[in-house]
Structures are given as C-alpha cells and as structure tokens.
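Common to both upcoming complexes is chain A, partnered first by chain B, then by chain C.
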Partner chain A sequence: MSHQLGRVVSEILHQYFGEIVQKVGHDLFIYGTKPIPMIVKTTGLPRKQVVDSLRTLVKFDLVSFEPSFNEVVADYKLNPDNVLLLIRYPRYLLQIKTKFGSEAEILVEELLQQASCTASFLLVTVAAKYKDDKKKNITLVKLRDVFISIATARYIQQAPVADKSEVPSLEPVATIVPDIDIRQLAQAIATDTLADVSDNIYWKVNFDRFHQDFRDDIMVKAITRRIDENAGELMHLLLQNMYLTSAEWAAESNPTPVLDLRDAVDRADRTDCDRNLLQQYMDHYLRVLEENGAGFVVRVGEAGGGQYVVRGRDAATQLLLAALDHTVTERLGSKAARIFRLIRTKKYIEEDDIQKHAMLPNKECKELTYKLLEEHFISIQPMRKAASSGAMAKAVYLYHIKLHDVAQSLREMCYRALHNTLRRAQHTRAAHARLLDKQRRVRTIVHTMRVRGEPQQHIDDVEETLTPPELSTLKDVEARLKQLSAAQLALDKNLFILNWYFMYPH
Partner chain B sequence: MSSSKNDDPISEKILNVAKKNPKGISDKDILAAVPELSAAELVSAINKLLQEGLFDLYNQGGSLIYRLKGQTSKQAVKGADNEEKVVYNLIEDAGNKGIWIRDIRLRSNIANTQLTKVLKNLESKKVIKAVKCVNASKKKVYMLYNLEPDRSISGGAWYQDQDFESEFVDILNRQCLRFLQQRADKIKNNPKGPVVGRTQSFASAVEVQKYITDLGISNVKLEVEDVITILNTLVYDGKAESSVLPDGTKVYRAIESLIPPPGLVQVPCGVCPLILKCCSTGLITPQECKYMDDWLEN
Partner chain C sequence: MGSRGRGRGGGLSFTHEQLQSFGINRGENTATTLAPPPLFPKLEAKPLPLNCDAATDYMVIVKDQFIEYLHESPAYVKPNTRTDGIERYSDKYKQLALDAKRGKVLDCVWENMPAELRPQANRIRITSRKRKLDDANVLSKKLQTLEKKETLDENNATENKDENTVKKENENEDDEELEDEEEQEYEIDEGTDYANNYFDNGEDYDEEDDNLDDGPVY
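== the complex of A and B ==
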C-alpha cells in the first residue's frame, strides 16, 4: 500500500477522530497487523487510550481484527479503503434523500453516526430527536415505513454477528426485513427507555449498494452526454435489469432481452426523457447505444428479439481514459493530450510518426512527448533493429501507454491532492481555532437564550461580542473550508472511477 | 515540366511515351503508342520537338533513339568537369525526392571537400538546389533546381519554406470542429429517431473540405486528404469520433468527453508542477502553498 494513501488516511482520521486515533491508525497502517501491546509500545500512548481508539475504529469498521497465533490475543488491522469512505458520507446522504426523501436521510445519517444499532434504537432515537420539530412532522409510522423500504432496497443491511470464541470473528448474515411493532416503540418513547423492547438485530449502512448507484449514475450521465437523455434512460433501464439478474460488479452483466427492455420502457415513469420517442425508436436507440455509446453496451444474441449486455469493465476503462485525458489536458495542455490519445490509438508508435499524425511542429511535439514521459503518462520501449542493417542500424524507440501503471500514478496524484486539501483545511482550522471556538460558544449561548425567551436586547449584546472584523474573518474562513471540502468530495469521485477500474483484474 | 504545356495532342502523346522511358524511345515505340500516326506526321512532330530542344538524338545500333532532355542538362553539361557531371547525374536520378549529401559522396567516391565545392558550384549556377527536409531539420537533400519537392520532403500544404505552419493547422482544426459542432446536436431527441439523427450529425471529409474552401481562410488548395489529416487531429483531441458509412465513406461527428473535468483537475494540486515535491514539512507544503492561496481567494 502506498505511502500517499497512508498520508491521506492519517489526515482523515485526524479530522474525524482527533490526534490519538490518528496515531493508532497510522501505526497500524505502517506495520500492518499487530496486537495491542505492540501498538502501545510503538506509539508510546497509554494502553487505555489505545484501547479506546481501537474501539472507535473497530466500531466504524475502520479496523478489523483476527486471532493471532496464540488464539486468545487479537491482531488488529487497518482498512484504509473504509477510512476513505468517511469523506463520502455527504454523498450517501444526498443519494438516499433523492431516492427516498428526507426521513430516509435522517435515518441513514443517524445510522452512520452510530455505525451500527438496532432498528428499535434507531427509530426511537430519531423520533425522539425530532419530537418537537413541527416543521418536519416526523412520525414513527413514517419512519418505520421508510426503514422497511431502504432495508428492502438493501441500502442498509444486518450487521455481521460475532461468534462465541475468545477472539470473535464476525459472520455476515443474510438480511431479513423485519416486522417492527410501532406500539412498543411509542411506549418506549413515552417511558424514555428501551429496556422493554427486545431487539438484538443490528443494522448498518450497506455502502456497496450506494456505490452501485454511483456507478450507474456515472454511466447514465456519460451516455446522456454522448447521445441524449433517452439513450441515458435506456442505459438506466439496462442497469436496473443488471441489478436484478447479475452479480453487482460483474465485468459483463447477464444478457437482457429486448422484450424485457421494452416492457421496462413502457413502465418507466421518468420525466427527464421523451418517452414517446424512446418507445417509438427503441431499436434505433439500442443500435446507437451500442455503436456510439463508448462500448458500455453490446448486443450478444438474437434470442427474444436481441439480447444486450452491460460491460462494466469496459465502461470503467473508458471512464478512466476520459479522466486521464482531462488530467493530461489540464497539466500539459491540449496538444499533449492529443499526443497522448494518438499514442493510445496506435498502441505503439515511433517519434517521427507522432509528429506526422499529431500535426505539431517538430520541436513542440518532441518537448511535449518528453514531458508526457517525464510525468509517467507514457512509456518508451526500445527496439533493436536487426543487426543486418549494418552501421546504419540504430535503436527504434516506440512510445506506448501502460494503462494500469498510469492509472496507478493517477491514483497516487489523487491521494496527494486529497491529502493536501485535508491538510490545508486542518491548518486553516488550527490557525483560527480561537475564533472558531468563540463563534461556537456565542452560538450556543444565543441558542439557549432564545429557547429561554430572553429579551432581544440581551441576545444582541451577546452576539456583538463578535466584532465586525472577527465576523468577516469567520466568513472568509468558512468559505475556504467549504471550498476545500467541496474539492475533497470531487477528488473522492475521481478516486471512485479509479477504484472501479482496479476492481477488475487487468 | 514545361513540356506538358504543349497543346498539340500528337507531341503530347509522344512526350508521354518518352517520359515513361527515360532510356529513350525509337520510332517503333512511338508508333506502337500512337498507332493512328502517319509516317509524315511522325517526322514533322519529331522535328518540332527536336527544334524545341526537348529531345536528344542518339544513334543506337543503327536505329535512332530519342531521349527526353532534363531541362537544364544543357547548362550543367556546358563547361562542367567530370565530377560535376557525375554529381549532376546522381542528383537528377534522385528526382523530386532529392538525395542526401552523404549518399552522393558514397556513390560518387568524391572526397568531402571537393564534393562540397562541386555542389556549391552547381548551386550557384542554379542547376540544383538544397531543400530542407521537414521531418529531419538537419538533413538537407539536393535536387534539380526546377523540381517541386515531394510531399514527404516539403510536407505538403502544412509547410511554408519547410517551416511547419502550426497556426494554420490550429485554425483549420478549430474551424473543422465548429463545422462538426453545428450539426452535432442533431442526434439529440431527433424526432426521426437517433439513427437518422446520427446520420445528420455526421459530416464527410468532402463536406468539410467544401466548408473550409468556402470560408476562404486558406490560400493553398486543400485536398480531401489534407482535410482528413485535420479531422483526424480532432479525433486525437477527443473532440470527434469517426465512423464508416455502409458505402465506405468515412464520416466524423463532434462528441463530448464522457465526464466533466474530474476532481483532480479542479484543485490546484492537479495541475501543480511541484506535486511530487510537495510534502508535509519543508519548503513546499500545502499549508503555505501559494497556489492554494490564490485558489481559495476567489
């Protein structure tokens, strides 16, 4: 695992859990698996703090454990990929809100914070929290219904269960959508205790289900950009069918017969596409989708009026290439991107031929080629000509692209950039810690005063302890932090494509 | 060559035969090629051509042989010594592809210094010229003065005095893209369906060529081939894709990238030349970074 990943993970842990957890996490990252005494030794932290940190980390699934060879002691291991997901939380919330409404968002948010809890606990906590909020009008019944729908749609799942051994191992269980007794829960809220409710099934968020949505979304958007909304909708329906018939991340889905697709089109109720057009010209759309849709979809057979397959692996590759093109364009200019794509199209190409096809002045072309080489976007392969050509023989250098390596270095770059934005945000927060703290205090005080109904005059007095220059600095700082976290989200999306590409063996 | 301007059809035919046989032709060859010619016509035509100085006359094994003259061979031979003749012949043989000085030396066995002198001499007499080769800037080739360099040497429409005209290419690249973009949207929600829409969004090289010619931005005549070269740069730019229609014509269509600019290029680090040198501590750090400052300013 790369050094850069380690730096990112460390920053994220710092941001979300503070310095001590960061230390423990970083220690685990560097040494791989190790038991508690070893962590205590290398970090120099008190045992209690290490244990507490591990508890947090294990709870959020950021660290896993397994028995070491003496069976009663556990070895701990960091899961850096899960740490990276922490940045993605806002996207999960947005996604669930778009699909299931704001109750779902509140439930998932609470569940993310709890890492895992029982359905009863979750519903009761949320209901209690919003008891007084008349605007949202959240009822237990509504919450239960939403809970059932998101569980049915597999956005949440049952948490694995520990077995009874000394160092328990976690066994995943199949999710069964539960019956929830509302009366019992209402009672629990009234008496403010969950003691009477016997519920020992724990739930957690199923990230992978969200990731499938993200993937589908990228593919649909890409097709919409390339062709139009109707083609995008068709892609969406194909993906829906893939969800029902194939393994989640299959490199190629099981085939969908055109007849099924036609049914789906007739049933579809999307507003952002022209359904009549799609119904009338579905065959045409399928043809164009196959021929001009970047290879996301292919026709595989004629049974049932034709059969179509979604090619996840190819789509990931195409999207990676698109991301690479953008990166090369921004870093080295559009002419370099031209050379980059040229080399990719020709697979192996000589320097002279690059110049000929790219239509660039000799010197510029060479410079750009060398820059691409320097930044590891392309590689070079020397080829000796046969010895028979005598004194005139000179080595030929062929340029080409090792996609896997390039993807790797792009990922490293993303890690670096992510680390830098996190670090910068952390630095900004630290630099203005005193002021941010003051603002937080003022807000709390004002809030309590409002609740108590104190006169406006007093509230104003408290608010004015923040001077105008302080306020303007705060505004500035907030804007910066916001920009930085938007950038982090964008980088995370970029990494998503890369990781999707790496999911398939190449 | 100027001889092709000859508008008399008989002479032209004879000249064509002669061009095909640089070793020379006999009366028989001419008659074989232009069977409708009477003996008298033949004689008068030949005489005319001889008068114009286009043919050399030889006697070979009893029959007369006419050989087409290189236009300048007179001058070269006049007052030239043996070396010059040898060099001249080598250069003449190379035609409009030219010959490299090194190859002249190897084949003629003339010492370097003397060869340079000979070449200078011929050059000053405007018998030959040196042409810079476009794909190897240091390499000069020699050819007869009146020849138009081959495309592989001169680079064709894209070169002016052996200098690559990148601005011209850029302009054409942009104009071609504009043309394709004008019709690119035809595929979207086309009431006749996407297959028809796609066909409407395609443009063939011939159409683009016409558009460019009508724009009048080029003072050189662009061949379809040239336009294809430009259209291909658009494909390499990722701004167009090419397909082949059932009848074999190659067509182009403007496209957009599959994704908007990804996260990496939205942050300064993605375009930062120092990204590999940027560390948590030291001279270049994200905390103190100037690029970040500027980016966060707005």
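== the complex of A and C ==
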C-alpha cells in the first residue's frame, strides 16, 4: 500500500471508469475502510454519484464490503490488486484464445465485461450478438461445448453466493459444471423470453487459473531458452504432473517419480519437439535440467528410478534476479551490473574488495557503487570495530543485497513507470480529444454508408473531411498511444513475476 | 570530549583521509550546484524497444475495445453537466444523448450488493417490526409473572426475617433479572428506531438542520 500504488490505481480507475469513480476509489485507498456517508463527506460528491461509483466498483470486484458496527450499513474497502488486474485483461483473452479458440475468447470477453452473469444469459447474449456474423459461424451448441470445457478447466468459476441480509457476506462455492439445455436456450432466443431460463448460478472469470498458466508459460519458456525445446517439454510435463499431486502455488511440489514422467512422455504428442529424442535421452535431459536448469527442478530421492521436485519459489527468485540484473544494466550500465552481480555472489563485501574484484578503476567503481546504493539496489551494513583501533578505521562497511527490499523497490519502480505511461496516454488523449472524436465520427459514418451500399464517391467525400495534416497528426498520436499501451502490458508482465515472488513468505 | 575541537560540526565532518577513502580528492567537493535538478532529466541510455508482435497488437486492440465498452456502459459514472452559460445549437442533441444514457442503471446481481446500493433502497426499508409488548396477551402474561415474583418475595421476607443477608442477595438477583429483561427490550426498540432514523437517505443533510438548531435569537 504505497504512495506509488495509490497513484497507479487512481490513474487506472480514471482511464477505465472516469473521474468520479476515480475520486471515490482514491478516497477509499487513502482511508482504508469507510461507509457511504463518510465518502460523501470527504469527496464532496452527491450521494447518488457515490452510490453509482460504488456499484461499479463492487460489480467489478474492485471494492469489497463488510457490515460495520451498525450491521445495516456497509464499510467499503478498495482492493488495489484487483484494480491492477484490469491492465491484464487483454492477456487473459490472448491466453484463452490460443488455448481454446475464438469462441472461448468471445465468451470470456463477454464475461469480463459483465463481471458476473448466469450461464444461460452469457450464451444467449453472445449467440444473439454474433447471430448475423456469417464469417465466424457461431452456433449455440458450439458455445455450450466451449463453455463447459473452459468451466471444466476452471478458467471460469461460480461466483460467491450471498446470504439474505442487509449487507450480504459472500461465500465462495465449489464450481459444479452445469448441464445446459440447448433447446430451452434456443427457444428463449426465438421467443425473447430470457427470464424463464435463467437460474441463480452466476459465473465469473477465475484469474488465478490464468495466472497459473502464465507461470507455467514463463517457466517452460525459460527452460527452452536455456536448454532446448525437449527440455522445455519435459518441464511442461513436470508441471502438469505437479497439478495432479500438489497445491497449485506450492513452494515445492510433491516428488514426481521418473516412471510417471516416462509414461507422460510416451503419451505426449506435441509437434514442436522431437519426441523420440526425448524418449531416448530422458535421463540425460533430467540430469541437465537439474544441473543447469536454474534450480527449477531438483532430484530428491532415488525411489522409483529417481524423484523430482518442481520448486516454484526458487523459480520465482531466479526470475526476479534475472529481472533485477536486467533493470540494473538498463538503468546504470553494464559496469554497474557487474558490481551488482559481484555483491550478490559474495553476499557481503567490503568496498575495497568490490574494486579489486570488479576490475574497475577506483573512482568509477565507487561512483557506480554509490549510485547503486542511491537507487536502493544494494544496502550497506556498518560493522563497528573494537574501540582500540584508531580514528581512521572506525568501522567496516559491508555492501550486500537485501533481496526482499530490492524487489519492493523494483515494484515501486514498476508502479511509477506504469503511472507515468497511463498519465502520458491520458494527456495525449486529452490534447487531441477533438481530433480523435472527429475521426471516430467519420469512421462510423463511413461504416454505415458502406452497409447501406452508397457509391464510393460519397464515401470518399466524407473521408476527405479529415485533412492530410490532421491525418498525419492522428497517425502520430495513434502510434504513441499504441506504444504506451504496449509499455503498460510489458510492465504488467514484470509485475506478475514480482507478485509471484511475493506470494511466498520470506 | 571526543571531537578534538576540529570544526563546528562535531562528528559529522570528515577528515581529509576519510574523504579520500570515499574517492573525493582535494578541491573536488566544492562543486555545489544551486539550481534545482531539471524536471525532465535527459535519459542516459535509450530504453530498449518494446517488442511489437501480432500478440501485442491484438492485446492493444482488445484493451481499447474493453475501455470503449466501459465508457459506453453505465459503469462509467458521468459528472453532472456543467454549462458555461452560453446557449448552443448542439446543446439539445447533446442533452438527448446524455439522457438516453443516464436512464440506464448498471446491471448487477443485486443480491450480492449491500442493501444501500440496491435501487430503491429507501422504499424497501420501510418495514415495521412488531413491538413485543403491543400484544395484549403477552402483556398480561408478563404482568402476571411479575406479580407472582413480588408475592414470592414477600413470602420469603415474612418467613426468614433472621437471615437478612441471604434474602437480600436473592432480592438483588431477582432485581437484576428483571432489569436485564427490561434492558433487553429497551435495546431492541432502540435498534429499530436507530435503523429507521439512520436511513433517511441524507440528501437533505444540510438543508434544514442548521435553521432548526439555531432557534430564534432575541
């Protein structure tokens, strides 16, 4: 709950839900939990707008509530982490699209927009929306099948159920994959009576499941880059085995016997790796994976031909270290990165020794060390010597790296950068608001004209209302906005690794 | 005692040797700059280019679509329109568009929301809870039990006049019981009143109160 986090959260709320929701959200961020009258008082907004904002925030699960001492009014509390997830929505969609195809993507997109809705409502709205779209050819049966498969794979889950009180407390429920009657739904679409088929089971997107996927992807990709595709495939199989035997985010998985793994390799049919090679040299691959796989996997026992453990916590730490090395290199140059790595390998090191081992000129080395210290990448630990020694050598200063603290400061940096990009995008959009609006209007007009089938010359006339200088500015603005959006997505990837690291207690 | 009289800073200033050990030579520490640092300092190294593949393009587009959807939906809370006093021809159309959007209420699962966020929260709230003592039968029963207790107490008093201490304790206990019951009822009543009063929706919060409180001034 840092200052930087508050700024990011406020800026995101502004971009997604507008000024008023931002005010309410920021107020909640600053004061912690609050009832409505207090929010009204501090923000100075009319009560109706505060209620509207809270509805939005509660709907998208950005604010939670609990009964206050009075029991009929609620205290509201902002969940900043959930607000940050808004940036990650496109990534969820990409993930589900690559895994389950475009029907799943459409379903999840609709579900993200609705925040939570019933299965029948979801299917009927999506079907109705794409009824006229012949290109995609979306049928209700197909949608139903996809819905059931993503529900089985736990990408969507049942929303918590409320009890019947003034301030309901939401109880999470186990997800039961439903049995959906297609005929009833088809009838509902035909007769436009949706109310009859809707039940009271609400669904929402299970972000945690997506995060597990992201983690697996990162680990597999890391091993693939470090060793080769076959090793990556082996890592993938190890992770799949981990899901069967241990908790999803366990710091260390339960041991997997090699025999199980061999079965999995025999069964696996992936095209992107040479299966025969993997079958033949699996023991070698496992050895390489253990010795050179950055500690993702270790051998823990000999039973059953050897047992292997996937170490999530160590993987997160390794990835964090890689991210830190990268950040130091990009910020302060490769020489500073050398000093940083040196301090890390030596654990505690004196200033003179840094200079000796880093093989840098005295002055430059000191300058870089102090710069690292200034940017909170390294810490200093004074050690008092015995009183007998002279005034010259009062103390020894040992440089070292407090990984947890450095990770915190890296997270702060990410928040700050994210805030800056959001702010800059907001500024650009505001500066060119009129032009962007005009472009949007021209586009809609041209679109409707095309649909109506009007002659090309008229369409050209409308399009020419945007003058060449305007078009060139628009191009610039669009390129910049796109770059900023891409930067936000990249920052979010970094934040994901950091949050993964913080998930395990240190 | 410790600072051998060198300089006013006590232990804060460094000796020449100490400064040298920090890498500062003679005459180097005088370069003090008085100007504030620039607001946008020059980047020392150009940042790496972002990777722009098809996946990123897709995600950017999806993100924009999602934001656009939210802006069109009632989830985007719009401020009340501010006018600058100039009447424009386009005002009418803008107002029409605004009204069309304003009428919509966010589509939520209302059971999962606190009652105060549900629409027409005020109307639902008017439910009169029955007071226990309104019922004549219950009232008469209550009175009877109380009477019985009183007579019992009196009997006790006449029978054991000597054991004053024990009896007093008894009496005290009874009294406490009675008091407890009364208190409970009182609390329940208080509860309903409190809730009812509280849910005056607060819109007319500072409209009339001030005038009432002040009273006439003579």
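Note that the second predicted complex is superposed on the first by the 497 of 506 C-alpha atoms of A that agree within 3 Å, B and C clash if a C-alpha of one lies under 4 Å from a C-alpha of the other, contacts with A are read in each partner's own complex, and residues count from 1 in each chain.
The criterion applied here is as follows: contacts are C-beta pairs under 8 Å (C-beta built on N, C-alpha and C of every residue); 3 or more make two chains touch, one makes a residue touch a chain.
This one's a predicted model, so the numbers in the text were calculated from it and none came from an experiment.
Novice: Looking at the overlay, does A:Gln381 come into contact with chain B only (first), chain C only (second), both, or neither?
Specialist: neither
Novice: Is A:Pro37 in contact with chain B, with chain C, with both, or with neither (first, second, both, neither)?
Specialist: Only chain C is touched by A:Pro37; chain B is not.
Novice: What is the contact status of A:Ala358 with respect to chain B (first) and chain C (second): first, second, both, or neither?
Specialist: In the superposition, A:Ala358 touches chain B alone.
Novice: Does chain B (first) or chain C (second) touch A:Arg7, or do both, or does neither?
Specialist: Touch partner of A:Arg7: chain B, not chain C.
Novice: Between chain B (first) and chain C (second), which, if any, makes contact with A:Ser102: first, second, both or neither?
Specialist: In the superposition, A:Ser102 contacts neither chain B nor chain C.
Novice: With the two structures laid over each other on chain A, which partner does A:Arg416 touch: chain B (first), chain C (second), both, or neither?
Specialist: The answer is first: A:Arg416 touches chain B but not chain C.
Novice: So in the superposed three-chain picture, is A:Ala487 touching just chain B, just chain C, both, or none of them (first/second/both/neither)?
Specialist: both
Novice: Once the shared chain is lined up, is A:Ala222 touching chain B (first), chain C (second), both, or neither of them?
Specialist: So A:Ala222 only meets chain B here.
Novice: Quick check on the superposed pair: does A:Ala337 touch chain B, chain C, both, or neither? Answer first, second, both or neither.
Specialist: The first partner, chain B, only.
Novice: Could you tell me which stretches of chain A are touched by chain B in one complex and by chain C in the other?
Specialist: 330-331, 362, 483, 487, 489-490
Novice: Touching residues of chain A toward chain B in the complex: what are they?
Specialist: 7, 218, 221-222, 225-231, 274, 277, 280-281, 284-285, 287-288, 291-292, 294, 318-319, 322-323, 325-327, 329-331, 334, 337-339, 341-342, 345, 352, 355-362, 364, 410, 413-414, 416-417, 419-421, 423-424, 427, 480, 483-484, 487, 489-495, 497
Novice: Using the touch rule from the top, collect the residues of chain B that touch chain A in their complex.
Specialist: 134-135, 137, 158, 164, 166, 169, 173, 187-189, 191, 193-196, 198, 229-230, 232-233, 235-238, 241, 243, 253, 255-259, 261-267, 269-271, 275, 278, 280, 285-287, 289, 292, 295-296
Novice: Sort out for me which residues of chain C touch chain A in the complex.
Specialist: Chain C reaches chain A through residues 15, 17-18, 22-23, 44-45, 47-48, 50-52, 55-60, 62-64, 66-67, 69-71, 73-80, 106-109, 111-117, 194-195, 198-199, 201-203.
Novice: Quick one: which bits of chain A touch chain C in the complex? Just the residue numbers, please.
Specialist: By the definition above, chain A touches chain C via 15-21, 36-37, 40, 46-47, 49, 51-56, 58-60, 65, 70, 72-74, 89-91, 93-94, 109, 112-114, 116, 159-160, 162, 164, 166-168, 170, 202, 330-331, 333, 362-363, 366-367, 391-392, 482-483, 485-487, 489-490.
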